[in-house]
């Protein structure tokens, strides 16, 4: 698949979910590295960095994108030749994809342990990592019921209930507005993340923060399942996570919208759940409280301040 | 319109909104009184009570229904003849409808005063009384912007934004899940009510409680606009408001649902906002804090304990 | 039973529970009225007032005592003769006792309605009114499980679990400290009251406030079952409810205590649950939110400001 | 003192404190009635209403002003002649002043009962009613220490500490910002009120809400001492209490301010403490929870809906 | 003492308190190593691991047990001979015991600094580390009063008040239910811990969470005193701390229980205090906020992911 | 400037602000090193340590003082001669000052990123680091309005509004008590810090905690801007930050105070904002949540436990 194809599918949400996006980006970089015919090392590296920028620009909130691009292109600049740089990109892309898949399995193992033997769960949206925990718990024989929300405006809840149904897990399907009505019956809320900031705020599908608030109100714990590449290094430097706003047509038929001149549609794709509403984040490196996001950024992602300075220049342009 | 027609339209939500439902019920009782040919006073009264029960059964949560029926049929039993009883029903039905319309105007007047001269408001669902406050504020020249939610699964938000658009009020249309994302910009949340309990809990369209919780979290006040016949007398006797659960087909295409045997759809039409998240209830008798619902029930609705005992028997059967 | 006997049994907690105490006091006053041989109306009235004071002094926190004494002696002063005053005392005592018993039945009826059809309840201490609600719900066929606490230092929980056991209600017996551990499983907490202040604070058995706080933290509602004579009129005049402190020997073997000179035992019999942790108070006059205690004091108990002034003199001496 | 003099002194805060303002207004109306030489009843009444409006306009937040004016002028319109109307004004003004002074004594009596025998109190600003409670408690021999704030920008705290000093009450004087630092040592916060709304919000000297919030955070109760004429009838009709903003010169030397073109001084004289931070309001009619403000407005102040409509016209003009 | 004896005394709570249990386990392993006559290195190591499992199974919640066993047996497997392995066990057991005792002294030093010069403290249960802080503060001349709870059902409070009495510290002994009643007088709550999870939740004697909640409500800080071996490494892998449930006979006389067929006794020995109610954890490595438990687990306990995988197999069997 | 001069100016608040104080102390130590004529290495080192103690004693709360002194004198003891020790002091003092200035620039860069493009901010007191963030945001073209408080009793707000005015930033000047009144309009509160404890509590100018509490109540984030040398290493050892209490004459004219024998002035210069009210701390090493203060202390300040023991002796004397 060409770089432009992948970028288009990510932007159009054919490729969806922070993990799947990140792996698609890694694959697209590898494909691009194979086909690029830049004359010499410098041109190759510049072209790859341009490619990375194109991918990062598709979904500004999904930090897995720059983290994946950063991982894949890392060290490429230090290569002696274009060939060596290409080799580096290919091997690191393969490693990123393998690690990402292994991460889900590890998160499922840790997260499933955290689910009681008999439990009523709630999830919002369609997180690969969150569902993996639930499926693993089921596989271990735990007696589980799940409340799943519809997730307007793109109705990702439909994907979620299909997956749960296929695993024979009793599931209750509700509109997003009904989360609080059932919260007193819920033992644990499990969601994924699109980005996690240095102070443990969780950026995830719009509506997550309301579910988290309702969980907090009812003394119900909320667990986030997230690979370490969901943590946002640049928030360490004060950067705010930009919240992507998608087309109004996702919410309202454009013909109707056109007939209502005083009405504007606001369609933020994500919201921000503060750390105080999150009990635990399960990563492939272990479970941590949200406040320890800093440790993940520094130790597992390994972004040094120096790298920041450099990387920043590139990304900053993407986001404006 | 026949009694059965009205009952059907209320159940099918063609007639919607607690005030409109109550007035339709009053009108249906009047129409029914005109056409009933029961032999003698006793039979007439019994038939009217049966008619009242039919109407009350259509939407179990909407307390405006039994309040309207109670008002219209009140005193009918004391009539000397069927003719006198019919007269009583007709005149009380007319008075209920007139009072209900006057109540909206009065609520609009009081509620509009409570809106600051420049204000960003939020509303959820399509409450006649809440919108009347907003329109009146606009008419007074206040500078108002409104965030209106979509209101899944029946999308009553569409009706709301049309009304606001036609009043030239700048409006932002958002999915229900996005309410918390904009709450810090909101000066006042205004919603209606389907029922208000003796301890000030507000039963309203599903999602209201989540909006109220998010408002409370952000120190944003929430005002409820509600005619006094929304207050639920029987809660004084410990009765819980039954929360109507509507057909799953409102949420998910039945064909899809049928393909998912482990999935059940839960579709509660209302939720309960506790009094502590409500700043003020504006009624046609003045603005009160939610805890004073008892005063409204006793003084304005005038339900005595004795009347309760009698009315209870009838309704209790309806609801089981 | 002599006045002294009744006073002794109330003080020694052989007669226990605010309702039983109040009825015992009414009976003691009636018995006393029968046997008193005071010469003339004035002496009789003075003697009866002294008797009332003696009874009120036994348990300073239990407002049902002065309310009962006030009710029984009310009007006695206006009698033309000792005989007439005696008659008044006897008939009012009988009426108080009958009303008190009827009140429990009415509270049971209202409170049982407020219990969901399937419910896990928690109760603390051994309230006649609270248990009546639970037993009535059971009688109505509701599917109920109850968590009951031990209630140190007098272990009234033992009485509670016996009553529940005899009604075939599945019961879990826990130490007082374990209430929060099970709170997420509880649908409704039901307790009684020894006194309710004008601002809705509930004075009840020590430990109630901790249970209420844990319920509030978990969004679990707390219902108080209390006859209207538990409401404390003098709090309307700013009076604080005195919290009875009982003998340390209830908590620790005096021999052990004597060996620990630096240790003092503090044994308050009651604590104060603020109104914001109470969802509803069910009285025989209907269910009300705690903030409406004022209405009960004024309308149902009927203590006017003038009566206050007079009654105050008497009681104030008792309590110092 | 002429009407203009009184109005000037109220506006200039020479006459200060809601109670003193109200009594000064009553006196000014009486003086004015004595000197007015309007030809005939109609002219006299119109002149008195104009005088009332002048007084009401001096401090828009102080609801004691319109309440006093309303009380004094009440019935004046129904007089048969100017002489009779004058008589009515004079006798009602005298009665208002006497009642107001008696109210303080009664509040002191009730409020002092609510202060524990040994207590560390905090007060903010210089409320006559709040201080009366403290002085009465001291007179009763209670062992009291008071933290008093400075109260910028007018430093009314200086008046407070003088009063407390003269009563030999150990007093700690602190800047407004230090209230939270000492809150854990405080047993009870006592403040006055300039206005109380129908839903129990307390409008009082700027800073009160911060003290109340800090008290709530530390589980310290806050008691408001307020005569019933501090309750704001028009809030029953949705009206918001206007918050007076005073001259910037009270905060910053105008010469300095003039040198800072980008700086604007904001000087609101009052803020709004929500009912949930207020434990009790002590009035001369007894202690009530804040949510019962409605009862005070309706029963003690006796403003009917009809009177509202009339009075409204007058005042509304004053405030714009 | 034989291994079986020690295991029996730990299970029977003759040996009590997480620190004492851990040291007893280390000593038991040393004694066992001395007497075991397994033929060869492999048999010796297997026998020691079996012994460790026996000890770990006695109290499933006390994480100090597996931490102590892990420390003592660490490296034993790498020994070349049974003799060398025995030597390793003996020396590491001695070091564990010495370190544990030194840890208490260091915690006392740090914790005492955190106690104000004049302070009213509260403690729950009988924690060696918590008491050490209090005794050290007393030794430094601080003016201290302590509220100590009874701690049902095993009344460990009796041991606590004896220790405090013997140190001449004024002590107030209260039932567990009375903690909230005195909380406004408390400057600092100090408790120990049986286990601390990776997200800072503190598992401690049943009732601790209620005390912590009441402290939080009153803005009273809570300090936990805990050696680093109380931190639970496996929670990093999502593991939940199992809450030991002890025999019902500790709560209710079995003869009485037998007479109540509908009554079940629930007797959890511990509860879980969430990190948000804990201000500070004082360890021998310094004071940290609860969220930094992860750092302790990784850096001070030094459990690597690899060790986890191995150790897990062993313990997992113990707990099922 | 002589050591005594610098110490005097710091104590008298001519030199103000934790950063400026720290740099002045470093400079004073350098100057002192240049002029000291101690005979031999040991005498020189002892004299420098004495000088450090003198400086540390001037403002007990400002942890930047001991951190600066510790940094400058570090290694001095290991010098072979007085000359070498002097050289060490001079070069480290220069480095401290340069680092401190660079830190402000870096904090400004990071903090400005965290300010939205259009924002209403609030600040309290006159923090160099907090203002640097605001000025940098302005320089980047962000559209900013700032509410600045007066900051009694020393009115540092005047300095703040001058700085903001000179940067052409629209500014609103309010009394400290008015912070809550405007909080719903504020997007971000930015303050500095005088000391930050190991559990993330922020010690800053009196009043900060009230602003933070009001921000938390309104879901408004609070950001702290602070150089790493504001973090207090000794809190890791349980040490409490002493809160400096300054002369009463700052609050009240001593002549007036003398006339009020029952009045004591309490003038704490700082208060403590708990970590739960702080969203983010921006340091020159990156933005972190308050709970990670431990990481800053250990990794950036590099105070080992051993150094603590030594340094402690010195400072402990200073503070008593």
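General remarks:
Letters A, B, C, D, E and F mark the chains as written, and numbering starts fresh at 1 in each.
The rule we apply is simple: a residue touches a chain if its C-beta (ideal position, glycine included) is under 8 Å from a C-beta of that chain, and two chains touch if they have at least 3 such contacts.
The structure displayed is predicted, hence computed values, not measured ones.
Taking the definition of touch as given, a chain qualifies here only if it contacts subunit A and subunit B alike; those chains are C, F. The interface holding more C-beta pairs in contact, when B-F is weighed against A-F, is A-F. Rounded to a whole number, the gap between the C-alpha centres of subunit B and subunit E is 56 angstrom. A straight line joining the Cα centres of subunit C and subunit E is 41 Å long.
The set of subunit A residues that touch two or more partner chains comprises 217, 276, 291-292. This structure has the following touching chain pairs: A-B, A-C, A-E, A-F, B-C, B-D, B-F, C-D, C-E, D-E, D-F, E-F. For subunit F in complex with subunit B, the residues that touch the partner chain are 183-184, 187, 217-220. Considering their complex, residues 198-200, 235-240, 274-276, 291-294, 305 of subunit F touch subunit E. Note for the complex: subunit B touches subunit A at residues 147, 150-153, 158, 161-162, 164-165, 168-182, 206-207, 209-210, 213-214, 217, 243, 248, 251-252, 256, 260-268, 271. In the complex of the two chains, the subunit E residues touching subunit F come out as 109-114, 116, 276, 279-280, 282, 285-289, 291-292, 295.
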